[in-house]
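Labels A, B, C and D are assigned to the chains in the order they are written; within every chain, residues are numbered from 1.
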Amino acid sequence: MTEAVKAEEYTPLEAAVVYVARELKKYDGRSVITGIGLPVVASLLAKRLYAPKLKINIESGSFDIQLPEIPISLFGPRISYKCSAQLNNLHSLAGTARGDYDIGFIGGAQVDKYGNVNSTVIGDYLGGHKRLAGSGGAVDIGCFTNTIIIMPHRKERIVNFVDYITTPGWKCRKPFSDEIVDRQELGLPGGPIMIVTNLCIMRFDKESKEAYVDTIFPGVSKETIISNTGFDIDLSRARTGEPIQKIEIETLRKEVDPLNIYRLR
Amino acid sequence: MTEAVKAEEYTPLEAAVVYVARELKKYDGRSVITGIGLPVVASLLAKRLYAPKLKINIESGSFDIQLPEIPISLFGPRISYKCSAQLNNLHSLAGTARGDYDIGFIGGAQVDKYGNVNSTVIGDYLGGHKRLAGSGGAVDIGCFTNTIIIMPHRKERIVNFVDYITTPGWKCRKPFSDEIVDRQELGLPGGPIMIVTNLCIMRFDKESKEAYVDTIFPGVSKETIISNTGFDIDLSRARTGEPIQKIEIETLRKEVDPLNIYRLR
Amino acid sequence: MSDKIVSLEEAVREIQNGDIVFIGGVLDSRVPMAAIYEMIRQGKKDLIGLSILALEDPAVGAGCISAFIGCYAWLGAFGKAPCIARKYENGELIIEDLGHNDSLLIYMSAFGLSSVASNYSIGSDLLNLKYSKLDKIREIARNKEKIPKVKYAKIEDPFFGGERVLLPTIKPDVAVIHVQQVGTEGTCRIFGVEGVDTLAAFAADKVIVTAEEIVPEDYLREDPNRNSIPCTQVDMIVEVPWGAHPSVVSHYYDLDIEFIIDYVKRASTQEDFEEWLEEWVFSVENHEGYLNKLGIERLESLRAVKGYGFRPRTWLRR
Amino acid sequence: MSDKIVSLEEAVREIQNGDIVFIGGVLDSRVPMAAIYEMIRQGKKDLIGLSILALEDPAVGAGCISAFIGCYAWLGAFGKAPCIARKYENGELIIEDLGHNDSLLIYMSAFGLSSVASNYSIGSDLLNLKYSKLDKIREIARNKEKIPKVKYAKIEDPFFGGERVLLPTIKPDVAVIHVQQVGTEGTCRIFGVEGVDTLAAFAADKVIVTAEEIVPEDYLREDPNRNSIPCTQVDMIVEVPWGAHPSVVSHYYDLDIEFIIDYVKRASTQEDFEEWLEEWVFSVENHEGYLNKLGIERLESLRAVKGYGFRPRTWLRR
């Protein structure tokens, strides 16, 4: 089954899920906190292929969840089914501050080159703006945990600086002020470790704390990435990702999300 | 069964329990928070005779307890047996601050004329002293709830002013200071409404906030009370209590505590 | 039987305009929809929602809920909440943004706490007080003293050093909670995700419980450790089978996906939404009418399978 | 089987001298006595106990526990705790007095809180800082930074006005909890009074669970709402039937009243206590030896009756 699949035979979203699942390999036996959508699909794929002892937790107060089928509701019975204990939402989500989770996922509407994520408003909060979903648990996860940010790769979503910092990245807001400071200055643990899009994986430069392209998905051109990124992206360290394997796509399609609930394909 | 019993036919402790149970009549359908010992016996007796809908709660996180038999442990299975919900201790005890309880019980080693109770140390906390049990939930109950204080009537236990204020009465400690202030000044609701001993019931003067004897148990002399009280007690309003009824003693002995677990007799 | 048992109409009458309302369940799970529809029928106004606003969307569209203090106002997998988005854009819905932990920690009033200190939301604009809308929310609140003077405060930590963020707690005027089982005295048993319903039931001044089933109190008391809310905290009980439709109720029925998708589509303009409202809320008169309109076949197709607590997607109806 | 399952000796070795130790159960209910006896055998020193100190008395007498932050140090219906009283009088046990709510709210570290504000203990000398012993307790603590700089602080309430009392939270280094059932992965189910074991398990850095029975993980996962501590919080599991004797374990066995009365009598002097210790802790070598010494007849006379969860006093042994 170690057989590569051509780029035409899977979708960009499927590629994103596979690369995230591979990243989770190093977290086998450890704890992830995840929301609904791609993260839960990737976590399940990882559990099947790369990290059988991965403990999946959800901000629903459900610990070590089993996911008999891909859930639509983050708070429904597929989440609590045969989990270890079903307590209240605080019990699980406060685990971010306790340092219980080794890795977490963040989505949103905008991410900037410092890994700050915006899921609150697009535009000027005090002036014209469009309202988004709100933080949910994203701020709680992002303040304390190493995070993987998942975002569609579009110019208006991968931006120079977010309109509103919902989830702090590497250069974020000093509390009770408008000032931008280094995350470390605030004493926050964790921080974004990668941004996964439908085109590539970005990581953060240790010095500048700016995102650079680390892995380009097979079949994607550098130009596509440049033209879809809202800032001057560093591609100097970019390499093409290991090809997607047949077993990865088949496990994803046949076992993880057979009904294509999340429309990955 | 409305037949009076002579004072020789019951013990002073039994009298105390009966008078407390009568007091609980006005709390039918309402909530009491109680600890182990005489209060639980009195609450059960009240539930049998005077307040069938009394809701008995314990700081064990057990709500509307049923008490299939008199418990020895405040945290054992007789407490949780068929209670409404068994949650954690905070859930029930924090109900004091929420104002959930209409009446509560306090015991201790010393009570003073202002209804302050000491269950922490006898003597000088910073010098020579004897250690007692500690507050348990007494401070939490006494800060917010109307309370009934139960105390053996002895000179060294019914005192002019307690050595240490564990549970605030009517003249208590200003926070973070040595100063004594009126309870009202601190904005605390509730407060002690009576002290029940093995000799009498004391209540508090509305103006002076000092305890006075309200009801003397049948067969007890004023002199006995005076010589067993550690301050100059006001007996001017004292009247003798309604005689103990046969049904009260029989219910107590045959149904409430048939094995005499609390050695009332 | 306890005198706590009342009709849905009576229970919802207890909610007053301008109340801070805890609505139980989370997002699309165990949301007290029948009670929400009844709030709409009774024309409630200026209610202040808390924590998460999602399937409550029609109550926003109908003008019952006009403020929200919480972390999320969206329909999860179903995307934008149409009425929430529209009312917000029109300035008819005020939102005070919090993180998820903070939007739950506000119920620490349940434990007698007036505020709590943490590092939550540090680095985020959530702590930027210039964005706070509490003053506007206080204007519509019936009990104005329950709305904190400021959103957060900064304190020096006297215990461990450094700075902390102090968050005020809130006491809801009323909690409306849908549970699977309630005893005749009010003891509640929840299956699956709890949210923070227990905590909120302790925090709120008044607690209304709607339930799939009223069961003998004794039945629930066989295992008090399994119960979620004690009878002593519950003021009113209403039996409302399928009372959380179209949300999901663990061990009872699954999410009505089609219903929600249809709602989202039809509620995208105020005019169409009002038509939807007429059809599903006003013209049906009460919850029984709503269920009849849904029809038994549709309801049965959602019924959870025992042993799973949900209906597996590959299970066909017999 | 999970590699979390270890021997009692191994588990207790994880506790270090100077640790802040949460000991589960409450007073005379579900106290992890087997683990306490093993702490004594291993000669632990300078442990700091929390909340309530009661049947832990022999661990105080043996010099394992030398500080206590909590609300109650007594044996309930059995009166004065002999070793606690003696050691305190000799200056070998430091006590920091709290109220009951505050002695539980210290575990709000479980929810990521560093302090909490309330009106608790207002009017009491508990708030009189001149009585505080935290500085002395910090001296013996292994992790000194975990002991707050002051016992309480006064703050102006920026949210609702007035003054409040700020209470610091504490993170126990280790929690030792005895439960009725633990799954092979660590999921715990508690019957009867919970105390604050769930909260403390989340607050503590390390969690050791002793249990009446190790059961299949799947069995407990049939009803996750009934479970008390998730496996993700549990580091070590030990099966110790009758592991809380002489305390009471709801649904398993009753209080051994005679044993406690005998203990109280014999522990009244240090010399006699050491004799008791030799007889019941050192000479029996391990928990199995202790049980054999108690004898099966005595143990069976304590066994809880199904349907009650305790042994009614009027039930004679068949």
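Everything that follows uses one rule, which is that a residue touches a chain if its C-beta (ideal position, glycine included) is under 8 Å from a C-beta of that chain, and two chains touch if they have at least 3 such contacts.
Here the structure is a predicted model, which means the values were calculated and not measured.
Farthest from chain C in terms of Cα centroid separation is B. Chain centres here are Cα averages; for chain A and chain D they lie 41 Å apart. One inter-chain figure worth recording: chain B and chain D are separated by 28 Å, centre to centre, where each centre is the mean of the chain's CA atoms.
Averaged C-alpha coordinates put the centre of chain A at 58 Å from the centre of chain B.
Multi-chain contact residues, meaning those touching two or more other chains, occur in chain B at positions 62, 80-81, 86-87, 90, 94, 96-97.
In chain D, the positions touching at least two other chains are 101, 105, 111-112, 118-120, 191-192, 194, 198, 225, 228. Taken as a graph of touching chains, this assembly fits none of the simple shapes: it is neither a line, a ring, a star nor a complete graph.
According to the touch criterion at the top of this document, the contacting chain pairs are A-C, A-D, B-C, B-D, C-D. Touching chain C in their complex are the following residues of chain A: 36-37, 59-62, 68-69, 72-81, 86-90, 93-94, 96-97, 120, 125-126, 131-140, 142-144, 164-168, 172-173, 175-178, 183, 186-188, 259, 261. Here chain D touches chain C in the complex through residues 101, 105, 108, 111-120, 145, 148-150, 153, 155, 157-161, 164, 166, 168, 190-192, 194, 223, 225-226, 228, going by the rule given at the top. Within the complex formed with chain A, the chain C residues making contact are 25-30, 70-74, 76-77, 85, 88-89, 95, 97-101, 104-105, 118-131, 152, 154, 162-163, 165, 191-199, 248, 250-251, 254-255, 257, 304, 308-310, 312-314. Residues 31, 55, 57, 62-64, 66, 80-87, 90-91, 94-98, 100 of chain B touch chain C in their complex.
Residues of chain D touching chain A in their complex: 109-112, 183, 185-188, 198, 202, 217-218, 220-222, 224-225, 227-233.
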